[in-house]
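As written, the chain order gives the labels A, B and C, with residue 1 at the start of each chain.
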Amino acid sequence: MKGIPILTLLTALPLVGAAISLFAGKHARAVALVTTIAALAVSLVVWTNLPPDGSIGLAERAAWVPSLGIEYHLGIDALGALMLVLSAVVTLMSVDAAHRAHHQPNLYFALVLMLEAGLFGSFTALNFFHWFLFWELSLIPAFFLIKLWGGPKRGPAATQFFVYTMAGSVALLLSFLAVYLSTGTMDFIQLTGMARLGFLEPAVKAHLGPVMLWLAIGVLAGFAVKVPLAPFHTWLPAAYSEAPSPVTMLLTGAMSKMGVYGFLRIAVPIFGPQIAQIRTPLLVLAVITVVMGAWAAAAQKDLKRVFAYSSVNHLGYCLLGIFALAVPGTSQALQTSQAAALNGVILQMFNHGITAAALFWFIAMLQERSGGEREIDHFGGLRKPAPVMAGLMGIVLFSSLGLPGLNGFVGEFLIFRGVFALSWVSASISVLGLLVTAAVILTVIQKVFTGPVPEKWAAFPDLHGGERLAMVPVIGLMLLLGILPQLVVDTVNPTVMNLLANWRFF
Amino acid sequence: MNYGDLFRVTLPETVLEIAALLVLVIDLGLLRKAALKTRAAVAVLLGEVGCGVALLTLQFQAQGGLTYPGSRDVVLAAGGSAAVAQTGLLVLTVLSLFLLIDSTFTRHVGEFVAVTLMAAAGGMLIASAQDLLVIFVGLELLSLGLYILTAFAKQSGKSAEGAMKYYLFGGMSAAFLLFGFSYLYGITGSTNLHRVMLGLYSANAAQAAPLEYLALVMIAAGLGFKVAAVPFHLWAPDAYEGAPAPGAAFIASVSKVASFALLISIGTAAWHVFDGMQGRVTISAEFHAQSGPVYLGFRSAWGELLMVMALVSMVVGNLAALAQTNVRRLLAYSAIAHAGYILLGLAFFSYGPRSGQAILYYVLTYGLTTIGAFGAVAVVERASGNADMDAFLGLSRRNPLLAAVLLVLFLSLAGIPPLVGFWAKFNLFAAVLAVYPAGFGLGLVILALAMSAVSLYYYLQVLKRAYVMPAVDTTALKANPVTLMVLVLIAAGVVALGCFPALLQGWMQSFYAGM
Amino acid sequence: MLAWTIYLSFAGALLEAILPKSKPALARGVALAVALAGLLLAVACFAANTWQTRVVLTDVPWVPWMGIRYTLAADGISIVLVLLTGLAAVAGVLFSWNIDLRTNEFFAFYLALIGGVYGVFLSYDLFLLFVFYEIAIVPKYFLIAIWGSTRREYGAMKLALYSFVGSAMVLIGLLGSYALSGGHSTGLVDLGQANLPVHFQMWAFPLVFVGFGILAGMWPFHTWAPTGHVAAPTAASMLLAGVVMKLGAYGCLRVAMGLFPRGMDPWGFSFIGIGSWRDVFAVLAVIGIVYGALVALVQSDFKFVIGYSSVSHMGFVLLGLMTLNQIGVTGAVLQMFSHGVIAGLLFAIVGRIVYERTHTRDLTELEGMYLGKRMPFAAWAFVIAGVASMGLPGFSGFVAELQVLVGSWYAKPWWTAATGVGIVVGVAYTWRALQKAFFSDRLPRPDEHPKTGWPKFDAITWPEATGVGMLLAASLFVGLYPRILLNVIEPAVRTLLAGGVR
């Protein structure tokens, strides 16, 4: 494995696939499937080749624009690798779900593959320049996917999505520019090192004055829009519901994770003390995100909007965990809690990604078979005509709820375990979110699957063979990770300890 | 001095006169019955031969020129700027005679050529004259010839009108000139330019200052008329419009060369007398050095006069040209503007040959370009009956070669590199700034450049009609092959001299070597 | 060898002028061959040399008694701009493939213009530079006046006169420095070493800078640009925005800043924060950036949007020049290259691909034409060109703008803030134009578009596709591998900043 630039290859693979599918016409979906399967294979290879001590491995470096501190620097640890696998899986599921022939499939799949390339690139980048490149690169395909294949209100939804994310990106860029001007480097590893040793803030103060907190806020704002964190979330419901469901899978399954990853790789390591300074307001926002997300989900009538808000809620747990662990100190208890919370966050990223993607896959199936129906109340009793679908979707829904034994539980459990020790107030209030989410999901199950079957759904087609084949591995994975989470945790934990060791909160 | 010397020094003029008479005789005698075309061809040929021989004889002029009997003062200069001017003059005469071929405005071609040659002889005289009376004689010879040439197109009312205005105006200006000369004689007691200057510098002249200024103004008026400077320019548009093409070309080129050569002589004489280094008046060893207070008043007055005339000519000429719809009148106003630029060079005249060279370079190349321009305009005129701007519509389709020639020539007049007009302007302005780098000098150069920008506009108007706007009449425009060939040659010359300015400048330098 | 780019272009122009009118294909072929030859020469010479120092190509006396020599030389800055010219020339020929009216004359003027531009970039004698600069004016006039569209005669005359006035100002500076340095030479190196008096430099610098700045689209002398761009035919707009405006910026750098560096010194007093000519021009540049962007935001004519965006982007270049530090000036030169390519691309798409087929440039009219579906090539090419113009990382504009930003921060921080505004508005107007023209919200989804009822658009021709591909590839290549150009620009800029032209 040494010597082969596998990370570059991984990122280049979907780009090549995108170029081919542009010219593939009707066969674009096949090309996309092949590419995503290949990408999944490569990402698994990466996962199995991680350095066992949790540090960053498989590094690739090359000078790029030395005068601006820009270097082509790639590297991966368990966090990044997990995200790579997640992106690959989610994209594969998304491509699979998009089998209805809609217009311009060649363009559609090319954009999807470009999005995947953007995801891969941002999860492996270790220098701001090309990290930002891929961050922006993922924005364009997402915009067009919503705009050209979306629902009736797709125009404003796409524009809002674009504007919000762009504004966040500008804040990010300006803050990083300021950091570069103070330190002369754009490398994440170097900046983390400087922050850990306490040199970063004095350097910024010397060059620019006491603006470190503002720079931190700028960076946080950029990621807060992406995850999203309340109150920057208002773009999300419109975008998720207007986008075609396969695209929503990508948005919620993978793109939102870019934001959380950004927190973990960039914001917290470099601006740790500043985050610790404003921890309380951040926790408040995270709690609001959790609770508001759940309450709003309860109030929705449109299936897609329900789960859009539910995504907000689930990602709120990640942010809760991240902000909660921003506490200076070295006691054993603290470290245990922090480790628990961080493990939980990372697992939640992965699990929620899979779960949410699967959820929207099922919603896509429902829409397709019902002729575009999305209102919860218009469904009913689908358990009878489509038992397999009801069963499988039920599993996914329960995972989203956080039922022990399914993968959704593990992450949330670990997060709460950590957060209770770190900030019991936030944890207590967030439990409300858990309860409301449970209520929402049970309501959905009840309204969609149980109860009397309306006439029009009597002949509701069930999942056929190919679709079952596509979903069974995913469901299996959910069960597996629910029962044997150590399969993942064993690899993630060393990275978690490494990250925590490099972070400084005072 | 003896008549042998006189003959030798005025050999070129003599040759021209003989050629003129020969043309008359042969045309009236031998070719009485021949067709117009033949007669024209023969007359032109004889004229060209005459000019050619005159050119050859220029080589044999005595060094140092012709002196007064019993004195070392020079009456007729030879070598230096005089030789350059005379050579240029003859070449321009040759070219303007070519425009006579295939023309239909008169049957009296022999007379036309003869008058042209005689006027050229007058011009030659002016170019080398260093004595006020000789200057006047030459000026009259030139002017009378030009009046006749302007009136030659008997069928055209405009020709008569233009000639009348030219004649009346010219006669008056000649009177002014003579009056001024007489005052100069009265003040200084001599008619030799250098003696006059010497006298003007002396303390005596200081007492006669008012008379002196009057004389200067008179002379400025007279010479200003000749070069068509504002406010003595009013004859120019009508004369240029009315005169037949070869005549107009001749007026625009040859008479300008002669007049400016004269002004250069005056300027050189003025400088020649005053040695700034020693702070007193010395000329050459032949003249006695005079010590004592030196009166410079007249020199700055002369310079100021020229400066004002230059300023007004540049501005009025360019601005008035903007409003013209007849290309001949446009060329007339542009001639006024160019006269303004040259007068600028004369207003800031340098010690040493630099200014003189720059001015001669400008006026010679301008003359070349103008002859070409008038030739091209004449071709279009012949085909469409008038010289309005609209006659040029679609020229690039009707006769691409002619349009290309027009493009080259007009752009050269505007001062676009790499054409020779650009070099001429650059050279001239560099010479002006070398003399007076700040204040007025700089300001006037800036004004001149601004006016050049304005001139680009109206030249582009004509070119726009030729190239851009759609044609009204799309039939091909026939031009006489000889005329076209001459025009192409002129255009090629403009381009070549522009790309390799060393050619002309180097040649000019060689004349100054001995000075 | 590099000098042959000039000679070939002029020879090509002459050849075009005498080609028969009945064979436009021949004219096109000759033009493409000549342009391509120029580009290949430029690339070959670029690759053959490290460009760490100046390379003299020709140095012969021209007008000896005035000290004027025919000196052609190139350093890193020159070769980058020559490359740009080569690219733009070939692309322009490709995008003019459909011109049927007086084809050979079109290409004759076109190649003459290209020759003049090559000449300016390669001249190392101030007088020669001026001559080539003037030579480039006349072909511009005819290209716009004969083959242009909206108000072409007015636009052409305005452009010609503005250029001429600008060059007149430069001429005065030239004459002045020539006279004050003793009148021995007009070589750039000689004049640079002549130690011209400070008070002279104090007025010569702004004069010459403004003279060149007019052509560079410096606010408030930029008004020829939008009119001219809209009036010009596509190839001419591409050249105007892509290359000719860079002539002005190059002159500002090489001549004004290189010969009169003391002219940028502080005056000794300051007025609302402006204490030197450098401050003045930096403020004008910033105004240009913001003004150009804001005005582009409200235009209804597609080409005007691009025209004003050119004014805005050139403001970046001028600001970068005024930072007077290594990184800012390097960024400015890179931005010259980047914007040259991208602006050419944008004009090509709007003018050649869209306008030729739809015969309208009004955004509201275009909005109703379902162009996203009916002209996918144009739409997506514009998307890519648009994001490149916005400064997306991965394209050449990002590194250039970043360097200018960093440079301006080192110079005067508040310039950076104002520039940031310009970038943000830049995103806005590009996005607006993109949305309105190709992907309007008012239209139904592409699969719901009416399928019948409009005439079919002509397919994208091979010259159009090649041209677009070439320019995109250039921007992408430089965006991903900027060091290829930065390596040659940086030494040249260092020398220039250290001691003027030496």
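As a convention for this text, contacts are C-beta pairs under 8 Å (C-beta built on N, C-alpha and C of every residue); 3 or more make two chains touch, one makes a residue touch a chain.
Keep in mind the model is a prediction, meaning the values are calculated, not measured.
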| item | value |
| --- | --- |
| Chain nearest the global centroid, as defined over all protein CA atoms shown | C |
| Farthest-lying chain, centroid of Cα atoms versus that of subunit A | B |
| Intercentroid distance (Cα basis), subunit C paired with subunit A, Å | 43 |
| Whole-Å gap between the CA centroids of subunit A and subunit B | 87 |
| Residues of subunit C that touch subunit B when the two form their complex | 17, 62-66, 105, 130-131, 134-135, 137-138, 141-142, 145-146, 153, 157, 160-161, 164-165, 168, 171-172, 175-176, 178-180, 183 |
| Complex contacts: residues of subunit B adjacent to subunit C | 396, 404, 411, 416-418, 422-423, 426-427, 429-430, 433-434, 437, 442, 445-446, 449-450, 452-453, 456-457, 460, 464, 467-468, 501-502, 505, 509 |
| Contact set on subunit A toward subunit C in their complex | 63-68, 70, 102-104, 107, 129-130, 132-133, 136-137, 140, 144, 147-150, 154-156, 159, 162, 166, 170, 174, 177, 180-181 |
| Subunit C - residues contacting subunit A, complex | 326-327, 330, 372, 376, 383, 387, 392-394, 399, 402-403, 405-406, 409-410, 420, 423-424, 427, 431, 435, 439-442, 445-447, 481-483, 486, 490 |
